[in-house]
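Below, chain A partners chain B and then partners chain C, in two separate complexes.
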Partner chain A sequence: MKKLKKVVSLLVVTSMAVASLAACGTKASSGGDKFFIGGIGPVTGGAAIYGQSVKNAAELAVQEINDAGGINGVKIEFAFEDDEADGEKAVNAYNTLKDKGMKILMGTVTSGACASVIDKTKSDNMFQLTPSASSKDVLALGNVFQVCFSDPNQGIASADYIGSKGVASKVAVIYDSSDIYSSGIYEKFKAEAAGQNFEIVAAEAFTADSKTDFSVQLQKAKDAGAELVFLPIYYNEAALILTQAAALDYKPIFFGCDGLDGILTVENFDTTLAEGVMLLTPFAADATDEKTAAFVKAYKEKYSDTPNQFAADAYDAIYIIKAAIEKSGAKPSMSVSELGDALRGAMTQITVDGLTGAGMTWSETGEVNKAPRAVVIKDGSYVSAE
Partner chain B sequence: MSFISYLIKGISLGSVYSIIALGYTMVYGIAKMLNFAHGDVIMVGGYVIFTVMSMIGLNPFVAVLLSIILCTLLGITIERVAYKPLRSASSLAVLITAIGVSYLLQNLALLIFGADTKSFTSIIAVPALKLADGRLTISGETLVTIPLCILIMVLLTVFVKRSKTGRSMQAVSEDKAAAVLMGINVNKTIAITFAIGSSLAAVASVLMFSAYPSLTSTSGSMPGIKAFVAAVFGGIGSIPGAMLGGILLGVIEILGRAYISSQLADAIVFLILIIVLLVKPTGILGKKIQEKV
Partner chain C sequence: MKKWNTINKSTRNNIITIGVIVVIYAVCQLMIAAGAMSNLMQGLLVPLCYYSILAISLNLTVGILGELSLGHAGFMCVGAFAGAFFSKSTQNGIGSSFVGFLIALLLGAIAAALFGALIGVVVLRLRGDYLAIVTLAFGEIIKNVINVLYIGLDGKGFHFSMKDSEALNLEENGTIIINGAKGITGTPKHTTFTIAALLLIAAYLIISNLIHSRSGRAIQAIRDNRIAAESVGIDITGFKLLAFTLSAAMAGVAGVLYSHNISTLVATPKNFGYNMSIMILVFVVLGGIGNIRGSIIAAVILTLLPEYLRFLQDYRMLIYAIVLIVIMIFNWNPTCIAWRKNHSLRDILHSLTGKNKKEA
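What follows is the complex of A and B.
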């Protein structure tokens, strides 16, 4: 009996030793001559559409870069793991990718899951760039960079856009004071508007308990002579506001953020009322600039699907990582932590022209700074406002 | 000019509250119970009209008629299944059952129709009235709501005061045991009260969702609570009281939102309720009933 135990333990020890050697082997082979970028996002479950778009577009970008000779002659290896938009699964996915040899993380796609991974990347000092997690929470540890605007910064971007393009000189705001997304954007919008060449003539709130009657808010905006009504709210309430404004014969420009994306899908809503509505979204698939057209064409050819803003964010993310590697002169032989330091240092110095914005730069905190882009609804679809 | 516009909007919103409050007040006055599921009957009425019009594609009048019939049946069923067996139980038990029915209806609607907001198509085809060179617009919904509300109140008052059923309602309201001795069928009287209350809820749903066309499974709860407040405000159990309370509440809400703060409108409404009840606990038109020993 004793003998058997010894044999078993010996077997266990040898097998473990072999396994650890084998792990070393794979790491060495993938880590030496390629930049290993890992991606995490939901490709199954309720948010699958987001993760699938990110995965597709990232793979497309990696293929393009590799076909063109890689980064400074070094190819990229890309692997993607599913997290079902769940925090725990995201951590598992992260560990799996690290075992495979990941040195740079492009993810995760959703804010909630992303916030659970930042602890891991912080302790490993791994470089992390999220394409689409917009919450402020993901920036809490100061080690993550974003491709998309953080929620409240959409307020700054909106004010900048309205001011710099001279869209209107008198602006009214209708926002949901019981919702952090909406009131957060409004606060930033108000602060930013102070330095712009327009005036906020009415700022009206509603709450989750009274979100059906907006006639008073609209009447006040109309009486104040607002030419533009800023709606940092979700599309369901916006659809009601548009309907009630039409009943009041009030036809200002309506301007919203990404929460308005989806207004054309509200059941029974008269979408002709949404004609001319402007919204700040980083990407419109039917924009006619060369870069977008080429991306949309390549994406459609490869996946026979029209890319959405998540795809554009991920495509940009890969090119941003490329720019940071080029700027820092990082080598694939560097360790995870060395790469993390090098790329983070480079991020605040680079400027990237991407699909989701021209002249993107990053602050120390990880927030992106880019020229906002707006789309306008025309004939029932989004068209670039420029 | 905008003051008049706000005032008209307030009366219009208040009229909807009044019609809902009539349902609360009738049931409370006669069955001495708070039917918290009343607001959700409005939501059911809205979904019936939505389904009949958008999915089956029938005429709006058929939709409204069907909605009134179904809501009436629903009201009678709720009373029969959930409240009647508890008639001799404590009022607290009935209150909790009513809250249970309310959540049951909300979750059933959520299950059947999903969580996404349905946009209701207005079925009131009256054109808006433009006065004073277009500076004052009165919507078609308002033009229908206010007279309809007054009509309903007058009819209901006449019905309760003059008809035989109405008089038996008054008798049950005053003393249930004595009413039984006088040969009044108490169960039938209470069932009729629920039927009337629920059909009024269906009418309210037509007016409410035409004016504010957003339909979700919880659409009925906030108007329901506000209408309950209106009923208490005006004096619960009193038909003109419900009418007055509803209109005052609507006007206070709209004017508060317009001139004080759009954020505080609901807080102001409930603050005024507290003050009124502190000064006059029976409500504005409530009767002070002396308990005879």
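What follows is the complex of A and C.
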């Protein structure tokens, strides 16, 4: 009797296991009459605000394109999966999307997670365009294209700008050493600064575990007599730095990169402190050109929120994919690998006018060519620094 | 049938558990070959194995030794970086081969065991919850140290720095192996489901054999009554150290599997932080403290759950938390335990086969 019991229970367990595995089985459609674009980014956890922006803006762009009749008459299907900004979860999200039938990847939002996905897209030969993963590591395998500037370019552009415009002669840097984005910019900024007519008098790091109190770093910058503090970090920490600098009665010029965009939307942050903050960003929600105004209006109507630079990157990304599909004449019936080859070939030939830059072109390596823009915060809004 | 009953109980249990793992392994392989398995599930097979190894190795410390460790992810981190460091720095030679991967596994285990012993030798002499405090700190420290660690390799050998990658002064053709917060990129993908499953079985065998050995009985005696154990001449610190070091070494092996499964290795609060350590502890607690098989089941369920809850979109992690609470109540609430006893699968099977309980 015992034997039978064991056998039966084993059978039950096995069949349950098989059922649970197969239940979610491969639904991937081989043909399809739509372009299936997948998006990956954090919509939960600490980096959720970036993923949420990307998701919203991408859905907005997809809706616009579909309402206008699609790409060459073919509609787009869009699905977005959460990766919690973690490499392992990003791979899971990628696999989930593949099960759903994804053929083109618009992601991932953060650099660290993106670097884990690139070898999956490489082996599947899937086309990947990342809106905002700016690390150089993302381009390591040569199969990914970026919408945003790569970190090294931002560091170089910042140092160039400060040097050539003579903004300051003594510069302090406060950066997040545990963050790829921040340390990536800092490294290139430091290297480029060597040839410029300013001096880095203090370089102070913090980590993800200690990003609430910056008084030590600020005091060091103040003691070193820095006239400008370079902040290659995200805006949440920057808002704290500005508040704490005001408490120390330290008033240098603050200069940041695209991560600083959004600082005016931080809750409980006294935006008057941000007056005079300069940042290199490809997108400013207050810009008056027709494209940006229309996008900001549509975004506000749909999500009752002001879009940030991540949203603009994602919105552009969808239109870049559209341009690449049109250029290559790709069909939704093509396989993942065929689409990958076709779109990669088209990417280096197209020129796209988007929200984040006019006349964007791409090199073989996947880096974008567009002009950096410096803006300064004046009366609670971004205006061109020129 | 009679032969089966003469085998001692622990061996029988081992055979059942390993049998189930092997059957599941075989079914998975068949499904992959038949193309019947989803990409998501295929991608999850290896993580399931290393999370199971982490869970059973922590169960050795928490369940068998009876000490609380809150830094298990720290040992995983040490193993992951040690293994990936070896594979990356020898990637043009032995590191790209299978033998290289075995060496990486061994190195990961040794490195993690070393840190385990280092901590244990000091802390395990004390009574009370000091191990929890120190391991908690260790997990955080190791993550931060790795985030500022830069190691490069060129013709002259290894270069170390804790400042930035420029300070390494590498030659032109030198490569940066550990690049601070950017970690190690381009680790060869050696981990396969087969190796991971084999290591899970090995880890299970090591722990279950330890429990039923002379040393294991000594360790459990320390857990149950330290004074009594001391009075019969058991070397308290020695046995505690043995269990704790072994537990750390296994976490190191899981770390090596982790680092050779995805191509980038960065130490973030997400993957090697406090939350991860707690996650592993949750596997152990939900699976039953001291219950090795339960740990594996809990690790598998709790790793699959957030992935299969994806359809809930934004409410995913909220529902996940609620499910955790429900499992907890179902497992440990006395009323639920009584209900489970009255409605067990075993009884249902018996009623189906026409036998009543007492005969079984």
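Note that the second predicted complex is superposed on the first by the 229 of 386 C-alpha atoms of A that agree within 3 Å, B and C clash if a C-alpha of one lies under 4 Å from a C-alpha of the other, contacts with A are read in each partner's own complex, and residues count from 1 in each chain.
By definition in this document, a contact is a pair of C-beta atoms (placed from the backbone, for glycine too) under 8 Å apart; a residue touches a chain by one contact, two chains touch by 3 or more.
Computed from a predicted structure; not experimentally measured.
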Task: First, second, both or neither for A:F269, with chain B first and chain C second - done: first
TODO: Figure out whether A:D249 sits in contact with chain B (first) or chain C (second), or with both, or with neither.
DONE: first
Open item on the list: Looking at A:D213 after the superposition, I want to know if it touches chain B, chain C, both of them or none. Which is it: first, second, both, neither?
Closed with: first
TODO: Classify the contacts of A:L240 with the two partner chains as first (chain B alone), second (chain C alone), both, or neither.
DONE: first
Open item on the list: Counting residues of chain A touched by each partner, does chain B or chain C come out ahead?
Closed with: C
Open item on the list: A:S116 in the overlay: touching chain B, chain C, both, or neither? Say first, second, both or neither.
Closed with: second
Open item on the list: Which partner chains sit in contact with A:A294 here, chain B, chain C, both or neither? Use first/second/both/neither.
Closed with: neither
TODO: Identify the partner contact of A:S177: answer first if only chain B is touched, second if only chain C is, both if each is, neither if none is.
DONE: both
- [ ] Mind sorting out which residues of chain A both chain B and chain C touch, each in its own complex?
- [x] 177, 205, 207, 209
Open item on the list: Considering only the defined contacts, which chain A positions touch chain B in the complex?
Closed with: 177, 204-207, 209-213, 215-217, 219-220, 223, 236-237, 239-240, 243, 247-249, 266-269
- [ ] Would you tell me which residues of chain B are touching chain A in their complex?
- [x] 2, 5-6, 9, 13, 50, 54, 116-121, 128, 134, 137, 139, 211-214, 219, 222, 254, 257-258, 261-263, 265-266
- [ ] Would you tell me which residues of chain A are touching chain C in their complex?
- [x] 1-6, 8-10, 12-14, 17-18, 21-22, 24-26, 43-45, 81-82, 84-88, 91-96, 98-99, 112, 115-116, 118-119, 135, 137, 140, 176-180, 183-184, 186-187, 190-191, 205, 207-209
- [ ] Using the touch definition up top, name the residues of chain C that touch chain A in the complex.
- [x] 1, 4-5, 16, 19-20, 23-24, 27-28, 31, 35-44, 47, 140, 143-144, 147-148, 164-166, 180-182, 185-186, 189, 258, 262-264, 266, 268-271, 307-308, 310, 314, 316-317, 345-346, 349-350, 353, 355, 359-360
